[in-house]
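One structure, as structure tokens, below. Some questions next.
Per-chain residue numbering starts at 1, and chain names A, B and C are given in the order in which the chains are listed.
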Amino acid sequence: MATYILRRILISLPIILGITVIVFMLANMMPGDAVLAMISSDTPLEAELIKLRQGQLGLDLPLYEQYGRWLGNLLRGNMGYSFQTGEPVFEMIMRRIPATLELMGFSLLISVILGVTLGTISALKQYSALDYGLTLFGFTGISIPDFFLSLILIFVFALKLDWFPTSGMVTAGEPFSWADNLHHLFLPALALALVRTAVFMRYTRASVLEVINDDYVRTARAKGMTEFVVTARHILRNALIPVITVIGINLTVLFAGSVIIETIFQWPGIGMMFINAISLRDSPVIMGYVLFSAFVVLIANLLTDVTYSWADPRIRYE
Amino acid sequence: MTATAPAITFATTKPESLWGKARKRFFRHKLAMFGLVTLSLLIFVSVAAPLLTPYSPVELDLRAIRQPPSAAHWLGTDGTGRDVLTRVLYAGRISLSVGLVSVSISMLIGIIIGSIAGYAGGKVDMILMRVTDMFMTFPSLVIIITVAAAMGPSVYNAMLVIGLLTWPSIARLVRGQFLTLREQQFVRAARSIGVSSWEITFKHIFPNTISSIAVAITFGVANAILLEASLSFLGLGVQAPTPSWGNMLRDAQSLNILEGMPWMWLPPGLMIALAVLSINFIGDGLRDALDPRSML
Amino acid sequence: MKIRMLFLLVALFAMLLAGCAAPAAAPAAPAAEETAPAAEEGAPAAAEAAGPAGVFRSPMRTGCAVGTLWTTCGRRLDEAFLQGLAQVKWTADGVEPLLAESWEMEEGGKAFVFKLREGVTWHDGTPFTADDVVFSFNIFANPAVGSTYAGKLSDVVGYDEFQAGTATELAGVTKVDDMTVRVELKSPAPLWVELQQISISILPNHILGDVAPDQLRTHEYWKQMVGTGPFVMTEFVDDQYITGVANENYFLGKPKLDKIIFQIYADTTAILNALEAGELDATPYEGGGIPLDQVQRFEAMEHLTVLGNMDAGLPTFIMLNLEDPDFAKPEVREAMMYAIDRQTIMETVRMNYGKISNTMFPAEWARPAELNEYAYDPAKASELLAAAGWDPNRKIDFLYYYNDQVNKDIVVAIQAYLAAVGINIEPRLVDGAGFNQAIVDKTFQAGYAANGQGLDPSIGANITRCGTQRAMSYCNERVDELFGLGLSEATRDARAPYYQEISTILNDELPKLWLWYEVRPMGFNKRIVGLGEHFSEQPLLMFDLPIYNEIHTWYTE
């Protein structure tokens, strides 16, 4: 297994390289560049000045040279500097990743806890009204686009009921407090989590149902254990295995989903950083984000495959 | 006392085939039936749209903008006086066809790559999975925006982009199935008696994966419709004046409309939810019907 | 089983009804609209009107905080932290002496001698001197720095040499003594102080003087700006907020507010939400104000002063690439003007916000009384197109960047009107970079755009002068001549005839299809006394300039 993991990691490196090349080309295919993005369309700019600024940022060099520069710097441990602020990209990412992690972590927590609980209840009370209700909720959850859900949440909870702030991570200018932070975190985490909750709920329900009639469970019941113990000890432990493998896939989806949620809620994580970088055509930041997300996805996939094989011993990787 | 032994009758009808059983199970699945009926209805009204409304989806009437539902306009009018009901129906054509076409693209690519990887195993599997990983790690937004910018945002590009971005999960699914099934008894048995790889793939493995592929297809269509909505919502999919459920939802971003003019965004939102919901129901029903292990 | 099916259907319908029930009340009671929302927000209104005492929360957009020299929207920061020799007043009728106490004009505007204010210190205590002024002018003009505002100094002697690299500084800017600076211009420009100088903010020589020009951009100074303004920057959290505290030693008196926070947002929706919820005290205007279709809603909010008809000094027009053989024909351009029913669009989609325009200048004094109205006449449009040999199968790539609902609806309406006479445009929403790129590499065909000219009609030269990019190949030497003449006089009465003649030419030749003069509705939280009042007095918006608006006199109740 160790050699397998090592080999996977080694093979990932050229993959990541390939991704960066393609993304670099694509990002440069977008019309405009960092200099043009900064000019307000209301105030025109002299052509010579534009050329000057482009030269300063190295934007007038042929694409392969620009990429080469970037790669060379990367191999020396330097992720480059933002075209917009001049800040080192690595620092930017490190500074903003905690916000995204907080959002993703909290969402994952909500969705796993809610999803597993509701899914188990749904399975145990199969065919009851509650089961149907929860199933409907689950289906609805995966049928509504998350940008739409976010808008409705902001509208109902932030504007009409005034229970939560409309955006941001903290109240600006005030000293940091966890209570304030969590208060801001709730709506975006909920928006991100609801769809995942529905997914986990369905997976849990399906796998609990599979396990619920298995022999060892019947044995446990026959032995006289209470329903609760039976559920907790035997059913859940086995039913959770496929759910855990699904978490891996969902990590990448969470990561991607956080981009939209962060933008709608002004949550200052790397998702928002990426969106801003796109409209500002900030190449180094875009590349930094791509690199980072590539790593996240590859590691998530690796984890999923490893867990999958651990869970199902028939699958072996040579 | 005469003990009349119950008459023993022998079955004179043919034993039910596996497909027959599956079909029966599917039709008994309530939600799936509801989904099927709803989806058929949606498809029907989208296709028959010109027959159902007198308006054109691009017909402006600046003197009647933002009208609430009335006798003349059953679902009211939008910001430039176009009939909402008409636009919702015509939008169905776009959104549903984008769903179908993009899924076809992703299915084709995904199934081919997944089955080759899953069956061949070893080096081929590794290489193909790395390629799959590469596609999965693409930040989709960059690709979408760039393709939209480079080739011009349009329905067709939306279909292409969605298809190209969603095949990796299909490939992984198919590959996973192949990996599991490859080790199953019946496949080993077949191989041991010398059945060729082709035959094994088509006659033995494929039929067993079809259930998960079919289920994946339905969920794929649902997902594609959601993706198209997001794309159009961002302004990168279907462009004005052609209506799509996604670009009609863009209106809701204005709080004014979200709060005071629900007839402009609730219909497309509900249509997306209904369409995706019914497709999900169908998928669920298919899964339950085709899964031999599910005796629930 | 049937009961459960029913349950499902009922649940679905419940969703539908829930959505319809709440807003069903709204259209049924348009008259009560004023009172209803106020009643709803009864309790929260008190909470919204409150906000931290002594703190002004101002909005900013992402990408604006990079530094005075390079951004246009970043000038809002300057109003708090940095200053110029003299800044344009909010009343738009002159400048307020700030770092320069007074100045003298020599030879009818060929040179200006600025007498600097005594006793001014930078936020770190260092005294302000003429060295800072000379340094700042040179930095703004330095080609290695690449400032967006370099062109403002193009009238100064030595500018061209500096740009070309044959000189290492602006010859025309000289230090006379520690408190006096002399600026010499190439030719007399009596309005130079009022129109060009106002874009130059003064930067500290003692901090930035030794920094290499190409390193300036990434210098940490911008994260902790040291200036002479009413507020001292204390915190800079990227993409979140920038804070400043009152400057005790401000030469016009310590500000009554204790703190200013610039909260950073990526888009208008987030800003409007925050304004409504009382988390923000003002709307920005660069990039859009309150969308027209939401003005009424905001006007109904108790805690806000809303200026629904704030003149944006922004003529909106359809830009055409005049190198395109079709658009080069005047008949085609005229036809397009006749084809679009601007009056109806103004009355319906725009709800009468704004004024229809038939020429470029928003300032009334720059326009003559009589202009060709180009009243809606599709028949005439078709005639003109036929005469010009227009091909109805031609598709035009039409770009636009305003992404609020009203402007999108306007573009749809324009598309429909043009299609009715056989002109097929394919609208494409792009962002700023995309729009600018299309212009730079000349793939631009047609588009919907605007140009901020609130400050003075002379700015209009930027989009009509021969050779500028935005003129899109329009070139009329008489117009250029008139613009030059317009700047040779100092009073409005003397300048008016020139601009009026330009107006007539532009109305005739239609280098751009004039649509209307924009408004940018703005909202201000009443709790900041002075904020709303100043903007109410401000006749129009002036973009990309720090504006003197007596921010040090504002306070919270």
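We adopt the following convention: a contact is a pair of C-beta atoms (placed from the backbone, for glycine too) under 8 Å apart; a residue touches a chain by one contact, two chains touch by 3 or more.
Bear in mind the structure is a predicted one, so any value in this text is a computation, not a measurement.
> Taking each chain's centre as the mean of its C-alpha atoms, which one lies nearest the mean of all protein C-alpha atoms here?
A
> Which pairing of chains gives the most C-beta pairs in contact?
A-C
> Report, in whole Å, the distance between the mean C-alpha point of chain A and the mean C-alpha point of chain C.
Centre separation, chain A to chain C: 37 Å.
> Centre to centre, by mean C-alpha position, how many angstrom separate chain A and chain B?
Using C-alpha averages as centres, the distance is 23 Å.
> Report, in whole Å, the distance between the mean C-alpha point of chain B and the mean C-alpha point of chain C.
Using C-alpha averages as centres, the distance is 46 Å.
> Could you list the positions in chain A whose residues touch two or more of the other chains?
Residue numbers touching two or more other chains: 30-31, 140, 159, 275.
> Residues touching two or more other chains, restricted to chain B: which are they?
Each of 31, 149, 253, 255, 259 in chain B touches at least two other chains.
> For chain C, jot down the residues that touch at least 2 other chains.
Residues 4, 8, 15, 273, 276, 430, 434 of chain C each touch two or more of the other chains.
> For the complex, give me every residue of chain B touching chain C.
30-31, 34, 58, 60, 62-63, 65, 68, 79-81, 149, 152-153, 235, 239-241, 250-251, 253-257, 259-262, 266, 270
> Okay, in this complex, where on chain A does chain B touch?
Of all residues in chain A, those touching chain B are 11-12, 15-16, 18-19, 22-23, 26-27, 29-31, 126, 135, 139-140, 142-145, 147-148, 151, 155, 159, 209-210, 249, 252, 256, 259-260, 274-275, 278, 286, 289-290, 293-294, 297-298, 301, 308, 312, 314-315, 318.
> For the complex, which residues does chain C have touching chain A?
For this pair, the touching residues of chain C are 4, 7-8, 11, 15, 40, 44, 47, 52, 55, 57, 62-63, 66, 70-73, 143, 146, 148, 150-151, 163, 214, 217-219, 235, 238-241, 243, 259, 261, 263, 265-267, 270, 273-274, 276-277, 279, 286-287, 314, 401, 430-438, 440, 449-452, 462-463, 468-470, 543-544.
> Touching chain B in the complex: which residues of chain C?
Spelled out, the residues of chain C in touch with chain B are 1, 4-5, 8-9, 15-16, 19-20, 22-23, 26-27, 269, 272-273, 276, 291, 293-294, 297, 341, 344-345, 348-349, 403-406, 408-409, 411-413, 415-416, 426-430, 434.
> Which residues of chain B touch chain A in their complex?
The touching residues are 31, 122, 126, 130, 133-134, 136-143, 145-146, 149-150, 169, 176, 179-180, 183, 222, 226, 229-230, 233, 246, 249, 252-253, 255, 258-259, 269, 272-273, 276-277, 280-281, 284, 293-294, 296.
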